[in-house]
Amino acid sequence: MAILEIKDVGKRFGGLQALGNVNLNVEENTVHAIIGPNGAGKSTLLNCLVGKLIPDTGSVMFDGQSVLGRKPFEINQMGISRVFQTPEIFGDLTVMENMLIPCFAKRDGAFRMHAIESIADEKDIVGKAEKMLEDMNLIDKRTMQSSSMSRGDKRRLEIAMCLAQDPRLLLLDEPTAGMARADTNNTIDLLKQIKDERDITIAIIEHDMHVVFSLADRITVLAQGTPLVEDTPDKIKGHPKVREAYLGESQDAA
Amino acid sequence: MDAILLQILNGLDKGSAYALIALGLTLIFGTLGVVNFAHGALFMIGAFCAVTFSKMLSFSHIVVDETKKDFLGNPLKVEVPYIHDLFGVTTGDAIIDWAVPLSILFTIPVMIGIGFIMERGLIKHFYHRPHADQILVTFGLAIVLQEVIKYFYGANPIPTPAPAAFAGSFDFGAMLGFEANNIIYPYWRLVYFAFAAVIIGAVFAFLQFTTFGMVVRAGMADRETVGLLGIDIDKRFTIMFGIAAAVAGLAGVMYAPINSPNYHMGMDFLVLSFVVVVVGGMGSLPGAVLAGFLLGILESFASMAVVLEFIPGINQIIIYLVAIIILLTRPRGLMGRKGVMED
Amino acid sequence: MEFRFPVDTAFAHLCRTAGEESAGVFTIREEFMSFSNPTRRGLIKTGAIASASIALPTYLRADGHTGFTNAPQGDTVTLGFNVPQSGPYADEGADELRAFELAVEHLNGEGDGGMMQTFSSKALDGTGILGKKVQFVTGDTQTKSDAARASAKSMIEKDGAVMISGGSSSGVAVAVQALCQEAGIIFMAGLTHSNDTTGKDKRANGFRHFFNSYMSGAALAPILANEYGADRKAYHLTADYNWGYTTEEAVRSSTEALGWETVNAVKTPLTATDFSAYIAPVIQSGADVLVLNHYGGNMVNSLTNAVQFGLRGQTVNGKKFEIVVPLYSELMARGAGANIKGIIGSQNWDWSLEDKLGARYTGTNAFVQSFGTKYGFPPSQAAHTCYVQTLLYADAVTRAGSFNPCAVVEALAGFEFDGLGNGPTLYRADDHQCFKDVLVVKGKENPENQYDLVEIVEVTPAEQVTYAPDHPQFSGGSLGTCNPGA
Amino acid sequence: MFGLNKKDGGLLLIVAFLALAAPFILNPFPEGSAMAQFNAGYPDLMQRLVIFGIFAIGFNILFGLTGYLSFGHAAFLGVGSYAAIWMMKLLTMNVIPAIVVSIAIAGLFSLLVGWISLRRSGIYFSILTLAFAQMSYALAYSVLTPITGGETGLQPKYNDPRILDAALEPGQSPRANLFGLDMKASSELEIGNWIFTFNTGYYIAAIVMLLSFYLSIRIFRSPFGMMLRAVKSNQQRMNYTGLNTRPYTLAAFVISGMYAGLAGGLLVAMDTQVGAERMFWTASGEVVLMTILGGAGTLIGPVLGAGFIKYMENIVSKINKSVLEQWFAFMPDGIEDIMITLIYPFVGKGWHLTLGLLFMLVVIFLPGGLVEGGQRIGKAFSRKKASDDTTDATKTPAE
C-alpha cells in the first residue's frame, strides 16, 4: 500500500515550471530514492511534501490524508520527519537536549505548556532519549554543545532526532552532500541499519549514485520537473532515458 | 486642496530629515550589518558642528563700554569678534551670518573623522557580536556623546539662525495660482529639501556609478564572497561608515536653523529613524528614502485640525500605526530583502 | 560591647508604646507607622525584636519620637533640593540649584544675606533655621514623575530631609507633592504652572509660590486686548498634556471674556520637534493671533517655526498677525534667539523688575546682586521662586518655632509678606497658592546685553489675577489636613 | 530543594539571603561617614531594586530564552501600574487585588500585542513592540488623560470611592497595605553608627521577587524552557520536529508581560503613584540594558543588571559638588580642586555619562554581562586552587 501518494503536482515560480505533473507513490516500508540532475525539481518536490511550499496543482496524500495547506509542524505530527542537506540541529543546546525535544514533540504534540515540571522528572522521555543516543553512539557526547560536534556527528544526531519521533516516513534531503567518502560510507551504513531494524519508510533525494544504489528499493528519476522513469535500482542502472538525462553531457563530451 | 498641498510640502521637508538619517542608518546596517544606535547622536553632532563653527567665527575679545551698564550696574563688557578686526564689521557680520552653510565645509571632515574613529575604534570589534551587543554598545556611545555635548554646551537649545537671505518665507501658493497667503513656505526649508535631494542623489550616484560603490553594493549583498575575491572590503566599509556619518552630520548641520540644536535632539530622532528604516525595509536604501518621505507626509496629514477633530490623538501615534500596518502586510517593510535581520 | 544586657530588658522596653520618649537600652524607631489596629503593631514589633536581639550590641540615641517625620537631630537640618539635572530642563534645574545654594548660604549667615535684608518678616537671623545649620542634598528629577519621586524618597528616607523643594514641571510637582503629603514632609514647589498643582491636586503639605495658568490668562487678556484690540481671532496650539490644557483653558476663557474669538485649538504632541505641520495652516484659518501654549523645547521650536513661516510679517483681517506665549522663561527666550522679539507673554518675576518699576518690588535687586556676584549672570524666574520658597520655609519654621510640618503649614497658610521681589504677597490658606502681581512681558527688540531679553509691558496687580478658591478651573480637589508623618 | 537541583537550589538560597539581608548588605558604611553616600539600604531604593529585578527576570524569559528582543515591555509595566492604581482608587488600598489585577491586565494586553507582533521576527518584531509601547505612552500622556491622569499621573486621593475600605479619618492619606500591614511601616535598628532600616513593603516585594525568581528557575529547567531555547537556536528545526513555535513564543511573551505587570503593580503598591513616562521607550530600553548588562539568558544576570542600573541612577546622581568637597576635604587645596574637577563631570548631573561609559566597558570587555565577569573572577580563583572542575558549571548553556 502506498503511504505517500503524489498526484499531478505542479509548481511554477514566475516563468519557470519547476514541477509539472509529478505522479509518484512511495510504498510503505521501502526506501524510495528520487534522483535527477541539478534543477530537476527534487528540492521543490520535497518542499511541497513538508509544507514549506504549496503546489499550484495536484494533491499530496500521506496515509490517506492530504498534507497540502498544512504547516510543517502539522505535517511532522502526521508522521513525516525531514533530514536536511546541511544538518539542522539546535546548535546552542546540548546533544541530550537536542534529543529530548523530538521526544517531547512526539509525546506532547505541537504545543504543551509544561513550564513548571522539571525535565529531570520526565523519566520516560529522558530514558528514551538516552536509549536513542546509545543506539546512535552519541551517548558519550551527551553534555556537549551540539554546534561543536563534527559534521558527521551532527548528521547522526539529526537522523537520531528524526528517528526519535518514530516517523512513518523519513525524508532525507541529500544526506551525504559535501561529505568526505568515509563519512558518506558511515552514513550509508547507518541508514542501512535503520532500514533493517525499523519499520520505516524512507524517501531519499540524492545526487550520489553510490548512496542511492546501496540503499534504494525503488528509484524515481526526475528531469525538468517531471518523473522520467520509476523502477528498481537494477533496471534504472541500464535505462537509456536515465543515461540520457543524467549523463547526457558527459556522453557528449566523450 | 491648498491645505493638502501645504501638508505635502511640510511632509516632504520633515521627510527629508527622516530620509537622510535613515539613509545613513541603513547604509551602515546594509554594509556592516551593525545596528547603530549612535546614529542619532551623529545627527546631533552635525547640528553642533554648525553651533561650534558659528561660535568659532564669533570668537571674541572683550572691550569695556563705559557708556552702557550690565545687569549689576557695572560697566558693560562688550564682546567684539576677532573676525570684525580681520575683515571689518560688515564683512565680518556677513560671514557670521552665513555660518550655517559655511559650516558644511567644517562638518564634512569632522564627521568623516568621527566616523572613522568610531568604526576603527569600536564598531569593527562588533561585526560578529549579536545585534543586542551592538545595540547596547552604540547606545552607550550615544549617551556618552550627548553627555559630552551637554557638558560643553548645556541643555538649553542654542539658536542657530539661517543666513538672513533665507530667513523669510515666500508665498508658494500665489506662484501656483492659489489665493494669496494660503501656502506660505520658508526659504530655508526649501533649501533643506533641495540639499537633502542632492545628498540622497549623490549617495545613490556614488553607489551606482563608481567601482567603489559597486563593490560596496556587492558587499551588501554578500560580504563573504566579495571578501573571497581578494578585495579589501573592510577598508571600504570603514570609508562607508565615514560617509554615513557625514550624511547624518550634514542632515544635522542644515537642520540647525529649523530647530535650535540641543543635546538630546539625536535621541528624539533615533526611534523615528529606526521606524523609518524598518518600514522601508532593513538594508534597502531606496526603501529608507521612500519610507522617510511617506512617514513625513503622513505625519503632516495627521496633524491637520480637521483630521484631529475626527480622531483625537492620531497625530501622536500615526507613525507607529502606519509602521504596524505596513509590517503586518509587508513582512520585510516596503522594499526589504528576504533574510536580512530576521534572526 | 554590651552583651550583658538581658534580652528581656530589651523586650520590656520595646513593648512600650511607640510614641513614648525613652532612654532605654536600645531604641527601635518606627517610621510611617500604620494607623491600623494595635495588635498588628505588636506583630511587627515582635518581628523587629527577633532581628534586633540577634544584634544586641547597640547603643542608645535619645531622639526617639518627636511626632513628625525626619525631625532634625543635632545641630543641623537637611533640606532636599530635587531639580532636573538631566533631560531637556537640565539648565533650568541648574539655575534652581544655584538659587538653593545661595539661599542656604544666606540662611547660614554667609554671603550678603540677599533678600533676607528686604524680607518683611525679620525672623531669620543668619544662624541657620532655629539655630540649626542648614545642609542640603540634591537629586535628579529627570523631569519624570517616577524618577522625581524616587529621588525625593531617597532624600526623605536616606538623608532625613525635612523639606523638599524644586522641580520644573507640573507632572513632577504633583507627584512629589502627593509623596510629601504621605510622608509628612513639607513640599515647597519650584517651577510649576499648571492649575492642578494648587487645584485638583492640591495637598495640605504642599505650597506653591509660582503663579499659574489662570493667573497668566487673567493677566494677559486685558493687556492683549489693549495692545492688539478686542476683536481678535485666536488660534491655539496646545501641548497635549495637563499643563497645556489648563493654560489653553485659562487663556481662552479670559480672552474670550474680553471679546476675542477662538478660531481653533489644536493639540500638539509633547514629543514633537517640528511644528511646521501645525503652524502652516494657521494663516488659512483666518486667525490673526497665534497662542502657543507650549513650554521648554516645544515652545522654542514652535516659536522658531512660526517665525520661519513668516507669520509675524502677515496682515490678516487688516491687522498685524501676532504671536502670544502665555508662559515665558528667560532660558526659553535665549533658546528662541531673535525669534522672541516683540512676543508677549507672562512671567512670575524678572530680574529687572525693581529697576524698572521701583520699590514696590524691593528685594529683586538684593537678590540679583548676590546671585549675579556669585555666578556672573542674572537669575531666572525659576531660580527666584526656588530661592524665595527656601526663605519662606525657613521663616515659617522660625516663626512657628518648630520643624513640625503642621506648625509650618499653620505659619505659612494665610501668611502675608513683602520684600521678596514680587511686592506684597499672600500665601492663601485655602489652596496654598501665592497671590501676587503678574508680569506681562515682551521680547526685547534691541537687547543691551545677552541677559537683557525681555521688557516689561505691564504688571497686572494681584487683585486682578485672584480667583475664588472654588473657581471651576481649580475644582475637584481638597487640601485635606496637614500630615506630620510618623 | 523545592524540586530544584543542587546548584539551582544553592543559587536560590544565595539570592534569598541577599534579598533578606539587603538592609545590612546595602548599608555597609556608618551614618555620617563620607562613604555613607554610597549606602543604598533605604526602603525606596531597596524596593526598586527588587521590583526592577522582577521586571528584568520576566524580560529575560522572553529575550534570554527565545531571543526575541522586545522594545516595548515598559508598556506592560505601565498598564499594570494603571490597573493597580485604579483598583486602589475604586476598590481598596489592600495591595492584593491591585497586584492580581495588574498581572491580569498586563497579561491580556501582552496577549494582544504579542499575538500581533510575533507574526514577525528579528528587528521587525522589535519595532512592532516598540510601536505599540510608544502608542501606549503617547495616548496615556495625552488623549487618555481622563483615565491615566496624563502628565500629572494618578495618585490615590482622600475622596476616592474605595468601596471595600472603611472611610478614612479626616487628615489621613490613603495608604497601601496588606490586610492592614502598612507598606511604609519601617523599623530601624541602630548598631554603633550604623542604622539599618527594615521596611514592610520591601520585605513583601522581596518575597514576591524570590517567588518570581523561583518560578523563573523552574521555567528555565522545564521542558517549556528548553523549547524556548530551541526557538532561539533553530526555528526551522523546531517546525520540522512537529513543534508549533508561535504558541511557545506567545506564551513566553505573555509570561514576561505578566512579570512586567507584576512589577508595575508592585511599584504602585510600594509607591502609590503612576506617571506615563513609565512607558516611554527609554524605560523599555532600560530593561533591555539591565538584562544584557547582567547577562541575558542567565538566571541571576537580570537581577544583577537591574540592581546595577537602579543603584547608579539613585546613588551616583545624588553626588553633588559639596559632597565631593566633603570627600576630598582632607587633601591639600590644589589637589582637592583637581580631584573635584576630574570627578565632577561623572557624578551628579553627569551620572548619565558614567552610565554610558559603563555600558560600553561592560559590553566590550564582558560580552556575557556581569555574570561573565563574576565567572571570570571565579575562574581566576579556582585556577589558583589548581582545580579545573568548574568549567562545567560555567559552561552549562541553561545558566
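Here the chain labels run A, B, C and D in written order, and each chain numbers its own residues starting at 1.
The rule is simple: a contact is a pair of C-beta atoms (placed from the backbone, for glycine too) under 8 Å apart; a residue touches a chain by one contact, two chains touch by 3 or more.
In this text the structure is predicted, and so the values were computed from the model without any measurement.
The interface holding more C-beta pairs in contact, when C-D is weighed against B-D, is C-D. Distance between chain centres (mean CA atoms), chain C to chain D: 31 Å. As a whole-number value, the distance joining the C-alpha centres of chain B and chain D reads 34 Å.
Note on chain placement: the centre of chain A and the centre of chain D lie 46 Å apart, centres being C-alpha means.
In terms of their C-alpha centroids, the spacing between chain A and chain C amounts to 73 Å.
Annotation for chain A: no residues touch 2 or more other chains.
Looking at chain B, one finds that residues 312-313, 316 touch two or more other chains. Counting partner chains per residue, chain C has residues 90, 94, 240, 267, 269, 271 touching two or more of them.
Pairwise chain contacts in this structure: A-D, B-C, B-D, C-D. Here chain D touches chain A in the complex through residues 3-5, 215, 218-219, 221-227, 229-230, 232-234, 236-245, 247-248, 251, 255, 392, 395, 397, going by the rule given at the top. Contact residues on chain D toward chain C in their complex (touch as defined above): 39, 42-45, 48, 138, 141-143, 145, 149-153, 155, 157-159, 169-173, 175, 177, 180-182, 184-192, 197-198, 200, 267, 271-273, 275, 277-278, 280, 313-314, 317-318, 320, 322, 348-349, 351-352. On the chain C side of its complex with chain D, the touching residues are 26-37, 40, 44-45, 47-48, 51-52, 55, 57-59, 61, 85-86, 90, 93-94, 97, 136-140, 144-147, 149-151, 153-154, 157-158, 169-171, 174-175, 178-179, 181-183, 194, 196, 201, 204, 240-243, 245, 267, 269-271, 477-478, 480-483. Contacts from chain B toward chain D in the complex involve residues 35, 122, 125, 129, 131-133, 135-137, 139-144, 147-148, 151, 267, 271, 274-275, 278, 282, 312-313, 316-317, 319-321, 323-324, 327-328, 331-333, 341-343.
Chain D contributes residues 63, 69, 116, 119-124, 127-128, 130-132, 134-135, 138-139, 142-143, 281-282, 285, 288-289, 292-293, 296, 345, 350, 352-353, 355-360, 363-364, 367 to its touches with chain B in the complex.
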